[in-house]
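In what follows, chain A forms one complex with chain B and a second complex with chain C.
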Partner chain A sequence: METPTQSGSWLERQRSIIDYSLQSMFRRRTKNSLILVMYVLLIFVVSSVFFITGSLTVELFSTVDELPDITVQKLIGGRQVVIQESYFQAIREIPGVEAVEPRIWGYFYLEELQANFTIFGMDLTMLEEGEYQRIVDWGPALKKGEERPEFRMIIGEGVSRLLKAIQMEDSFLFFQPNWDTAIPFGIIGTFKSETQLQSNDLMVMQTEGARRVLELKEGEYTDLVVHVPNPEETKMIALKIRRYYPELRTVTRAQIESTYTSAFNWKAGFVLSSMLVVIFAFLVLIWDKASGLSPAEKKEIGILKAIGWDTEMILSVKFWESFIISLLASIFGVILSYFYIYWLHAPGLKEIFIGWSTIFPSFDLVPHIDLKFLLLIVTVTVIPYSTIAIFPAWKAAITDTDFILRNN
Partner chain B sequence: MMRYSSKLGIALLILMLLALVAVVDYHRQRAEYADIIWMRQALQKAVGLTDLSITTAARYLRHYSLGDLTTPFQDYPASLDHFPAGFVYTPPDVSDVPKPIKFGPLPTPNEGK
Partner chain C sequence: MILNPWILTMLTGHAALFFVFSLATINAWWIFSGWDFTSSSEKQYGLEKRTYLVSSVMNLTLIIQMLMLFLLVMAADELAKILPGAMCATGSLSSNKYGFPLLMIKIGSFFIYFVWWVLNYLDNQLEDYPLVRKKYLALVCIFPVMISETILLLLFAVNLNPTVIASCCGSIYNESSAGLGGTMAGSSPLMTLTLFFGVVSIVLIWHMIENIRGYRPTKKKGGLEALLWVFLFVTALLTVISFISTYIYEMLSHKCPFCLLKAEYNYIGVPLYFFLFLATATGLTKGVLQWMGAEGPLGEKAIWLRRRLGQMSIFSLLVYIVVGYSPFIIYYIRTGRTI
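Moving on to the complex of A and B:
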């Protein structure tokens, strides 16, 4: 017997099948819209987390080349303590070391505002010259003779916002409980908002001023920075420093890089736990689909077979059903999360990253979308869903039509 | 009446338009990034401190890559980290922290020179 000729082209036939799939989905609209909503939610959450961690990791790596080659800290009892001047000379003498630079930095906790500032001491004239001028919004020049050069500072935008609220935007009064009087620090500028992700909580002051605020004695420093021109030697030099002085700890740039790689590793707990409910609900839905079709769906397949549809076409119908849902959900979910992260600045999600900080940046992240992420999202959602949805339909379609119709 | 597949086509078209807006926006923001990155690198070079100031709740979260073994347990031994942001970061790499127990004579600065 000759096979009946099929009307229309392959494309037209698929279109008719899609029509039929949509129609049958529309008939079970409550169930299907529920699946769609869950699906969009899942993809939205997964891709939001990928986007935010991807962007933050890129931000971390953006300045990695400018990091010090080796940072040397002194540890006592596992805690960092001040490092003495006496170490400089010995470290400088290690072959391959170009320069050793002591640093003074630390934290200042302002109880009234419950804010934690990062204090960094350096020669501010360096920022006033050359290309560095561009990273600071210079304030009105301080009146000559009024401010002492060692008590001036440049602050980050977050600090500036906070100080404005207490009307100290021109000059901030530092006070430690054991001081007789407070010391006013003139604010000569604010770091530009472009640098906010790094400078938000910074108070960069003249070295002498920082020493005073952090109460470091003469000859004491927070840590040392070692410059090694040849990157091949860095690891060896760090090892030498540690072997000569077992109380010292070295952090090389390569180590910081490897720390950054895993910093926002999405296995870091929060991601999974925040998604757990959604994943679970989605699994239940998939399980529901995989464990079998409803009697009505089975009956439909039986009738279709009875009126002459073949198994292949029934599978096409089911394939299109699950594929359309997956496609709509993944496109919509990804777009939604893009606008959520990069336009709305991730309200709700960003709070987890900033924690209980009083000074927080605006979270104006630069989009970074890795095609790998998108592929991963598609692989872990669309493919299992489409396959699992087809399987029970195939089982029903190869069963005897008579058996299906009689058993319902 | 319009066919179902045409309606689906329209829905997909709208989604594609939205995606296009996102793609255009992506490229616009990336283009603006170049100047931002220059400023960040300049700041990094000048100040030299590590890490992002997204959280200042605790010093080991602010300068996360310079933290040591004991910092998350500052209040008492084995105290759990109670800052929400501590939950997001994986523990820092502390493989280089000196081990407290050493046997035999300590190496001297002249050794190996």
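Moving on to the complex of A and C:
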């Protein structure tokens, strides 16, 4: 055992004390490793929640630039209904609007698979020729698709997997109850996995085909998309549209962004608040473990005091002990959760965050670790731990020498 | 109330802080009311042991409070993402009427804890703890500050409403807007700069006079010095808003004291505020030490401590000035004109 002396610089003394703390922790490895394991688990869970929130937010925000500046929907009785062609011209004439684009989209529920697909209608030649060509794995050119160009589509990976199971991966037969015959749609490609969060349940088809499946009449659209080149003007233009046509509803990109952030934050907050109980239980355990001084420990402190250590030095030993244990737990906990989230893809936790869709997207999480998260993790775990650990440390440090030595 | 990890984290951290601080206050009260250094009773012995607990708790409190102050600003910045209209911390803090009072009380309590912490350090240097009853009474008196901080934090968290449109820093720190922020931004840079550098020169001259032999420190001078540092802190914040920020953002309309903490501006705000806080805390404590007045061995220790604090405060102040005014100097060299 090394006895620190009053001589030597402050730094040297601290070094000796750290050295002593490490040895004393090692001597009581059973008790300390139990605390460490609990501590690591706690930090692991907390940091997993933060990491997954961070990654999902980043993943969403990476696509947010692609979102339309303003989406215009028509409401009747508070419900969204189809919007007529007549609105385009008027909105296009608002100063600051670059273009207005009608959209056709909706959902198709396939009862046999209990799956809900998102159908989106567009001019597929834009995907086949434009800059977005690279986001699609193009399948072999289909004869059927070439015969009937309006009935072709590109599907997401999740859809593709489901369709493979029912041997419809080359072409899918659409049928609505009031149709006479089913319409086969040729599948000309699959979206690559980078876009999975958005494209997983997606079927992108030629406008005319989508109109058929969604049963929209000529001149009717699901909603309108307004392009505004200057972001400063977006809010004002949205306001103008609502003023001119009170029956229309506008959704700006900033609103969508804030909703997504709120949604993920809410989920993180929910998981975290249910974990407050766990944190509390952990603190009680620490209190219990640390405050019960073993006879050996008492004897050790008694001897230290007898050979000239004062209360403050024993307090520093205890401080370094809790510092070291917090540091180790933080490092292990964070590393463990990194592996859990980015290597194992967060089984169990991901389902809570992604949502309710019947076909679960199994996309990869992009590592995104913000230094801010470390501050959060430390505040949620290390601060409560150190406040609790102060009392047992003090209890140990003030123990009287004579009392211990006499009672031995 | 919104279920947000940042809010929850702040509440958890603050709950821990409040818990230990309350226990420290109870112990402080016991010590204050029962302390008798000449007594050799078991009670006195027990109280002496309790001083260690209070010291440890206050060390921790100071560290946590620093972290929580930083966390509050960062949380406010993050919350801006979900509060419509808010672009940075300003928006979230002003989204209800408790945000800015909370920030102010947090800054104030940080300085109070710092002063207490230094006093405690000074007292512990001496065998007979001459300041013991004073400092524990002070701690009991600080407790209401802690309580009001807790209440403000709860009110702020409960009243955060993501459906109410918040303001952005561009509208609050705008010359034409009413209110404190507008007044601060509208105050002419010339005036705030004169004020700030006026106070700085008084502080520097004061520091030099102190080192001349024959200088007699009095209680009154100490109190004046403490007030001077508080004033310096306020004028320094004013210059950040009305002058320094203009050269960091290089935009006339952007006068925000929070945005400069962001990565876009190379975190320049972090060293800027760190040294401003350090300078103010040490300078203020130095004044308070003198204002308290001390004789005998305590006085000797206090003189030594005051010298150290004085050096630290002047050094930090100079670093603050270098960090804060280099964007202006760089801008001036590059373009040969002011904004």
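Note that the second predicted complex is superposed on the first by the 313 of 408 C-alpha atoms of A that agree within 3 Å, B and C clash if a C-alpha of one lies under 4 Å from a C-alpha of the other, contacts with A are read in each partner's own complex, and residues count from 1 in each chain.
Note that in this section a contact is a pair of C-beta atoms (placed from the backbone, for glycine too) under 8 Å apart; a residue touches a chain by one contact, two chains touch by 3 or more.
Just so it is clear, the model here is predicted, and its values are computed rather than measured.
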| item | value |
| --- | --- |
| Chain B versus chain C as contact partner of A:Glu194, first or second or both or neither | first |
| Partner chain(s) touched by A:Val72 [first = chain B, second = chain C, both, neither] | neither |
| Touched partner set for A:Ile383, first chain B, second chain C, both or neither | second |
| Partner chain(s) touched by A:Tyr132 [first = chain B, second = chain C, both, neither] | first |
| Partner contacting more residues of chain A (chain B vs chain C) | B |
| Partner chain in contact with A:Val213 - chain B first, chain C second, else both or neither | neither |
| Chain B versus chain C as contact partner of A:Tyr107, first or second or both or neither | first |
| Touching partner for A:Met205 - first (chain B), second (chain C), both, neither | neither |
| First, second, both or neither for A:Ile155, with chain B first and chain C second | neither |
| First (chain B), second (chain C), both or neither touched by A:Ile83 | neither |
| Shared chain A contacts, counted only where both chain B and chain C touch the same residue | 255, 258, 262, 265, 268-270 |
| Chain A to chain C touching residues, read off their complex | 49-50, 53, 254-255, 257-258, 261-262, 265-266, 268-270, 272-273, 276, 279, 311-312, 315, 319, 372, 375-376, 378-380, 383-384, 386-387, 390-391, 393-394, 397-398 |
| Chain A-touching residues of chain C, taken from the complex the two chains share | 2-10, 12-13, 15-17, 19-20, 23, 49, 52-53, 56-57, 60, 64, 67-68, 70-71, 74, 78, 81-84, 162 |
| List of chain A residues in touch with chain B within their complex | 15, 18-19, 22-23, 26, 56, 59-60, 62-63, 65-68, 71, 73, 75, 78-80, 90, 95, 103, 105, 107, 115-118, 120, 122, 126-127, 131-132, 134-135, 156, 158, 191-192, 194-202, 204, 223, 225, 238, 240, 242-251, 255-256, 258-260, 262-265, 267-270, 324, 327-328, 331-332, 334-335, 338-339, 342-343, 351-361, 363, 366-367, 369 |
| Chain B - residues contacting chain A, complex | 3-5, 7-8, 11-12, 15-16, 18-19, 22, 25-26, 29-30, 32-33, 35-37, 39-59, 61-66, 68-71, 83-90, 92-93, 95-98, 100, 102, 106-109, 111-113 |
